[in-house]
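Below are two complexes that have chain A in common, paired first with chain B and then with chain C.
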Partner chain A sequence: MQFILEAAGLSKTYGQKTALVSLDLQLNKGEIFSLLGPNGAGKSTTINLFLGFIKPTSGQAFVNGIDVSAQPVASKQFLAYIPENVMLYQNLTGRENLSLLSSLAGFNYAKDQLDELLITSGLQPDAIERNVGGYSKGMRQKVGIAAAVARDAKVLLLDEPTSGLDPKASNEFSELLKGLSAKGTTIFMATHDIFRSTEISNRIGIMRNGQLIDLLDHTVFNASEIESLYLDYMRA
Partner chain B sequence: MVFAIIIFILLFTSIISGYKSYSILQAERNLAQHHAEEDFHSQPDRHPHRVAHYGSYAFRPKSALSFLDAGLDPYTGTMVYLEAHQQNSANFSQAQQSNTLIRIGEMTMAFVMQWLMPLLIIFLCFNAFTQERENGTLKLLMSQGISIQQIAKGKIMGFSLLITIVIFPAFLIAILTSLVINNEPWNFDTALRLFTMLLSYAAYFFIFITGSVLISSLCKQSKTALIALLGCWIFFCVVIPKLTVSLGDALFQTPSKAAMDAAIHRQAKNGINGHDDQDKRTKEFTEKLLKKYGVDSASQLPVNLGGLVMAEGEAFSSKLYQKHFDELVNTYEKQNNISKWSGFLNPYQSIRAISMSMAGSDFRHYVTFLNAAESYRFKLAQHLNHLQAYKLANKAKDTRLDKSEYNHYPEFSYNPPTFWQVLFPSLISIFALYIWALGIYILCITILKNISIL
Partner chain C sequence: MIKQFRTLTYFEWLNFRSERSMLLFAMLILLSGLYGIYSGSSLINNQKSKLEALDKLYQENIAEMKQKFPADADAGDIGYYHSTFAKNLPDNWAKLSIGQRDVAPSYLKLRLLAVQNQLYASENTNPFKLSVGSFDLAFVFVFLLPLFIISISFNVLSSEREQGTLALVLSFPVKLSTFLLAKLTFRFIVVAVIVFTLSITGWLWADVVIDARALTWLMAILLYALFWFSVSFAIIAIKRNSAFNAVSLLGIWLLLVVIFPVLAKTYSEVKIPVDEGLAISLKQRQEVHSGWDKPRAETMKRFFQRYPQFKDTTSVEGAFKWKWYFAFQELGDASVESLFENYMQKLTTRAALSANLDMLSPAAKLQQTINGISGTGFQAQLDFLLASKNYHERLKKFYYPFLFKNLPFTHDDFASEPQMSFRSKADDLQIFNGLIAMMGATVIAILAGLIIYKSSNNILE
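Here is the complex of A and B:
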């Protein structure tokens, strides 16, 4: 069976420092997976390895069966990346940013289509023609989601997406992710937010010191059990 | 944007001021040449050798494109005094006649294109990657499924387009101005020169654009990239050119004018002195003539002995001057060759050489003029010597010749080298420039393949 996202013995060291130790992980289509862990646990390193921004010391990362190290550009056609702070071109409007990003990915949309993508992603219509310099973090994330949808990404890699969002914005964002997942998009999320991750994820991985120490299935454990287990691991 | 507008204004004003300066200087030289010819041709009946000593002048016409690149013109002489027995050097350079400001260089299009445009490019491109890195947009771009090389190619193309927008109107004005200057239907030679200049400047700017994008991709911060690029500009546009000139001077030393004159004077004593009947070689030459004409004494010769002795002396001294002049030019060529070959180390030196050569203001054009002036002087002197030899009675030292014998002598005219004659010696510089452009592009793409974007 081919997984949409797969890590096979994926490791990364920076000199003497080990950032990720032999990660084995498989994600299915439409799955929402959260990687929980403190700062420096290796969550962002994992995302960067899937994006091909860094090369693994050993092991392989696959996106839809494509080896990321061997074909970094080809593997990205299935991926969309939403960092903690989506940084857009501040002097361009939301629509212009979306147009630029989707055209770079090879998708050219008409003005109306771009507007629809932005509105579907939750951006207020009156913000579409404003420069993103005045956007809040949540609004920029919505443009990022719109860019992912625009290029028909199969996998969404999110790095701390809900940090700094107010509860309403965070809730809206969760709903958006659920909607995408329902349409078959796989969500891989690195986060500190136990509450949101347990709310929307199918599976949760717990990381510490570069190692995936547990994989929890949300159908087996409820939110409070997962929180309790996570805190136990962190104390250990 | 502001800097781009300033550059455009500077380009525009440099073309206009260059054209103005060209028009004034060319008009002055045309007038001076006309007066010199008029003076020569309006001499009264005279002994031909007096006419030869009265002499004439050759004024160097400005090249049609020298308003774009003054090159060496401000520092080389503009006029040669043409007289018997003497090969005079060119005098009255602009630098000699102007205030000291001209010594720091005229504001020409070449100055703007060679010095200021690279600065504009640096200020435009230094944060091409660093800003993306600092703002976090680089990761976003990369995650769209495009490679960093594609981003670099896009940026290089974008900046090239922007520079073209700044440069193109100025070049258009330059072309139109050159048409006005030529004052004739489109001159193909000038068109080829302009086209070569355009292609060479395009390669020169491409080198700076690609180099700036490369340095920007290697630096983590914009200020580091800017400092590194300004350092490169100083190194390539100021330090290396000065170093190579000093190296050329040290390796191939030229004699001082006094030393060269003394050497010529010393060696000239080995030839016939037309003004000394008792000179040993003059006596030998006379003996040969007597034998040739089958007479016993000089007074029986059917030709004017003085004229033939003068012609013989002129031929010798001219060869001697030419030999020393060729040696001097050869030394200058060796010095210039260091600069030319250093184009492989420094694109500034290649573009400088190509630009001057296409504008007709380089050393080669200057030497061509001096050779043309010397050739004219020699032919004029020999023409007058032969008039003396065959039109005047023997020993007729004070006899005057009718002015009609010499006042129709053709005026001095100078044909500058053609484009093809200029292109061949410029090939090394053109080749070096394109090697640089190709090399830096390949280097940029190769380095970017393995660069960390985090």
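Here is the complex of A and C:
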């Protein structure tokens, strides 16, 4: 069976420092997977390896069956990435940023289509023609989501997506992710936010010191059990 | 990839349009260029005005001679009191690249006397002003254009990384090399537009003849711009931060544009010292002045060895005779002929050495190339010096028969006096050498950049 996202013995070391130790993980289509762990646990390293931003020391990362190291550009055709702080071109408007990003993925949309994508992603219509230099973090994130939708990404990689968002924005964001998942988009989210991850994820991985120490299925454990387990691991 | 390249280039334009600092830099370079055109044109127009006024001065001098000698005159009197001009006429291209024209004379006032002490006479110029140099369009292209290129390209990758946009863009199926190439290409287009705008404005303002030189001019400057983009690429390829890139590129600018050319000039002056200038003046002066004390017969004997066709002239003993006077003037020049040849040879050799050393500096090569196009290089000045000396020979050939065959010099004879207007030509060899040197430097910089790019760390690591 081909997984949409797969890590096979994926490891990364920086000199003497181990960032990720032999990660084995498979994600299915439409799945929402959260990777929980403290700072330095290896969550962002995992995302960077799937994006091909860094090369693994050993092991392989696959996106839709494509080896990321061997075909970094081809593997990105299926991915969309939303970092903790989405940074866009400040001198361009929201629409222009979306036009640039979707064009890079090979999609050329008309002005109306771009506006619809932005509004569907939650951006206020009056912000579309404003330079993103004046956008809040949440607004920039919405443009990022719109870009992911616009490029018809099969996998969404999110790095601390709810960090710094107010509860309302965070809730809206969760709803957006659920909607995308329902349409078949796989979501991989690295986060500290136990509450939000237990709310929306199908599975949750717990990571510490570069190792995946547990993999919890939301159909087996409820939210409070997962939270309790996570806190136990962190205290250990 | 081509589609992505087009997309990235278009969005660079959108960014450029709203980036005030880039627009400000572009405006500054355009304004500097316009001032350079104005300043260069003013200097050359001033020289042209002076050169045009020489005709009036010449005619006034003739009128004065006719008044002084109402009847037929002794050609010796005319040779002594009358002066003519060797004119170094500038091509309009000189307005865009003044070259040596601000330090070398634009004309020489010549009489029939010994020529060697007349060849080096020029107007006094404020030495401080000369040390600073003239501000012309060539200055803007040679010195300021690289700074503009550095200012718009040093942080094309580093600022994207520092602002966080690089990770977002590279999460799309885009190669870093495509992204970087699109950014540098867009900036090259901006520079090319500025170069075209200033060049065409300069050509129209200076009223130059637009021929093959125009194409060579553009080729040389765009090649020079490409060289600086290649250097920027080599530094960007190290993938360090913006501060590192800026300091490195400014250091390279200082080295290639200021330090190397000065070192090359200093080394060539030390390696090939040209002391003949002073020696020529002293020896020629000594020879001419000692002519008064030497037996006239001996002087005339030496003179007739050079001009046997005049040996039947009448005796010069007794009262003062002009032919004797001009004979020892002639012998004064003859005494320094070999020194003068050495002098010219050494100047040429030294210039060649300096030009070879300048291979290390594309800035010096561009200056030489556009001076070559404009006919304002060092060789053009040497050519003018030689042409002036030849003109003096023509004057002697015209006056000596009157003088030594005792023919009366009539007022009508002024009309037959030889005239001289020198106009330097484009120095094809210098242009060719300059273009080849800049091409070589560009290829080296691109190869160095590619090697560094391949071997440097992942930019997001």
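List of remarks:
We take it that the second predicted complex is superposed on the first by the 236 of 236 C-alpha atoms of A that agree within 3 Å, B and C clash if a C-alpha of one lies under 4 Å from a C-alpha of the other, contacts with A are read in each partner's own complex, and residues count from 1 in each chain.
Here is the rule we go by: a residue touches a chain if its C-beta (ideal position, glycine included) is under 8 Å from a C-beta of that chain, and two chains touch if they have at least 3 such contacts.
Quick caveat: nothing in here was measured; it's all calculated off a predicted structure.
In this superposed model built on chain A, chain B and chain C take up the same space, so to speak, and clash.
By the touch criterion defined above, A:A8 reaches neither chain B nor chain C. Of the two partner chains placed by the overlay, chain B and chain C both lie in contact with A:V73. Of the two partner chains placed around the shared chain by superposition, neither chain B nor chain C is touched by A:L229. Of the two partner chains placed by superposition, only chain C is touched by A:N91; chain B is not.
In the superposition on chain A, no contact is made by A:I119 with either chain B or chain C.
One listed stretch of chain C collides with chain B once both complexes sit on chain A; from 76-84, 94-102 or 292-300, that stretch is 94-102. Where the contact sets of chain A with chain B and with chain C meet, they give residues 48, 51, 53-54, 73, 76-77, 79-81, 83, 85-90, 101, 104-106, 144, 151, 157. Only residues 3-4, 7-8, 11, 14-15, 18-19, 163-165, 167-175, 458, 460-461 of chain C touch chain A when the two sit together in their complex. The touching residues of chain A, counted against chain B in their complex, run 48, 51, 53-54, 72-73, 76-77, 79-81, 83, 85-90, 101, 104-106, 144, 147, 151, 157. Against chain C, the residues of chain A that register as touching in their complex are 48, 51, 53-55, 73-74, 76-77, 79-81, 83, 85-92, 96, 100-101, 103-106, 131, 144, 151, 157. Interface of chain B with chain A (complex): residues 135-137, 139-147, 452-454.
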